[in-house]
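Same chain, two partners: chain A is paired with chain B first, then with chain C.
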Partner chain A sequence: MASSQVVKVLIVDDDVVTRRIYRTMLLRFGFEITEAGDGKSAVSQFLIGNEYDLILMDNDMPGMNGVEATRTLRGMGILAKIIAITADANSRGALLDAGADEFLLKPVNFTMLTVILKAFNFLN
Partner chain B sequence: MNSQDLQNLQLIQIASERIRNVERPLSVSSVSPFINNSTILSSCGVLCLNPTQESINQEGNTQREKAMDVNMLQRTYSDLLTSLFREGILNQQFTELQQLQDENNPGFVYEVVSLFFEDAGRLINELISNFNQQAVDYKKIDAYVHQLKGSSASIGAEKIRSVCQTFREYYDKNDIQGCYNCIQPLNQEFVTFKSKLEALFTLEQQIVAAGGSIPMMRH
Partner chain C sequence: MDYVHLRRQAASLRKGLFDQGYLDEQFYQLEDLQDDASPNFVEEVVTLFFRDSARLMANIDQALDKCVKDFNKLDVYMQQLKGSCTSIGASRMKTECTAFRECCRDENIEGCMRSFQKIKREHSVLRQKLESYFQLLRQAGPVECATRPNK
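Then we have the complex of A and B:
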């Protein structure tokens, strides 16, 4: 976990509506939220020294996609939990192989997300 | 019968007509422009009240009217929301959004849907504009449709999502005509969705302004 007690989350998705929904879901748990609109921006967050406990990673994004971003972050030694969230079930294998810890199909259900967060011990 | 009696009789008929056409009890003040004889008023079945009793009754009537207004608005809201699900304009994901709305996020659904209106409107304009160019960039168009498909799925805009899905199927088969044929229906579904959701939000505002609460419904 990052040094503070508050769970720090990075939401990576090119769709502003989707990011807003995830933000609202996660704020319910008191998490601290940062957003990135694509894979390259997500990687930049870590390059400038920010730390996160959890990443919600979309796959199909302009420029660097979720598979590439996940592989890059793992290559940098980033240990944050990564939940890959995408509408394409066929990309599951590639995302998990790249280093994602869990995979969810869009649209995300709040209950499903809660179950995973509990499994990752992010919720008391 | 003298002319005064005749005049009184005519006035009684007018007052009676007025009473028959009104559901709630009348008070003196509502018919006194016609008649100022309490005996005649009594004969019309009008309740003759003293001023204090009348104002208490008027306040009771006002509260009853308000309650009826809120009930009517809530019923209209429920009917509209039910029809949106029945017609396939909304799906279960919209209910998910409603469940995320609480006292900490009272305007969440409105905010997210408004974001969608803005974003989807922009994407559709880009789509139409790109299709009208001489050299159409189908890859760019597909990217726009992909984005629109994602955001419409996130808020439960089922018909919009479905047309986007159809577009992408045509795109994958390199069926350009099929892609093109999706644009007008996509725009139409967006226009329909926007107008219906705006009507829903207007009803919400009216319910809250009338002192009521938004009905929670399961779909």
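Then we have the complex of A and C:
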């Protein structure tokens, strides 16, 4: 986990509405939120030295998609938990192979997301 | 002012949105996220949706106006719009987005045009209905969370 006690989350999705919804949900847990609109921006966050405990990674994004971003981050040695989120169930294998820790289908069921957050020990 | 009547009107309008298929269960999740810390969350997200979807639809309009149709680009735009619709539970719009994407895959430009006109109509109707709904809620004043309609 990043050095701070607060869970730091990076939300990666090209849809501003989706990011807003995830933000509201995660703020309820007292998490610190940063947003990125595509895979390249997500990778840039780490290149400039930011640290995150958790990444919510959309797959279908312009430019660098979630599979490529996940693979790149793992190749950089980034150990943050990555929850891949996509509308395409067929992407599951590729996302997990790229290094995602968990997979959720859109639209996100918030109860399921909470279960995963608990399993990752991000919630007391 | 008859606040009870206004609340009943709002509840009826909301029920109609679900019964007529404009909204699906995802909208419930948005309502569940609304609380004292985010008292206007649903309306804020819906407002954001209509603003952003108008932008995406303008991009699609421009792409459809071009002499040479780029079906890949059209599909990317529509995928984004569909994702947005899915996030707020805009069910009928989502269905039409799927139909549009199928026309893109078939490189059926006439199908795309027809489908896009439907999307615009659904967008307009949903916008009007939700604006009326939120206006009624504002007039009725702060209340406990509306209960889900009986299925």
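Keep in mind that, in the parts below, the second predicted complex is superposed on the first by the 124 of 124 C-alpha atoms of A that agree within 3 Å, B and C clash if a C-alpha of one lies under 4 Å from a C-alpha of the other, contacts with A are read in each partner's own complex, and residues count from 1 in each chain.
In this section, a residue touches a chain if its C-beta (ideal position, glycine included) is under 8 Å from a C-beta of that chain, and two chains touch if they have at least 3 such contacts.
Because the structure is predicted, anything quoted here is derived from the model rather than measured.
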Partner chain(s) touched by A:62 [first = chain B, second = chain C, both, neither]: both
Contacts of A:101 with chain B and chain C, given as first, second, both or neither: neither
Partner chain in contact with A:51 - chain B first, chain C second, else both or neither: neither
First, second, both or neither for A:32, with chain B first and chain C second: neither
Intersection of chain A interface sets (partners chain B, chain C): 14-18, 20-21, 24-25, 27-28, 60, 62, 87, 106-107, 109-110
Residue ranges of chain C in contact with chain A within the complex: 26, 29-30, 32-33, 35, 37-38, 41, 44-45, 48-49, 52, 76, 79-80, 82-84, 86-89
Sites on chain B touched by chain A in the complex: 93, 96-97, 99-100, 104-105, 108, 111-112, 115-116, 119, 143, 146-147, 149-151, 153-156
Partner chain C, residues of chain A touching it in the complex: 14-18, 20-21, 24-25, 27-28, 60, 62, 87, 106-107, 109-110
Residues of chain A that touch chain B when the two form their complex: 14-18, 20-21, 24-25, 27-28, 60, 62, 87, 106-107, 109-110
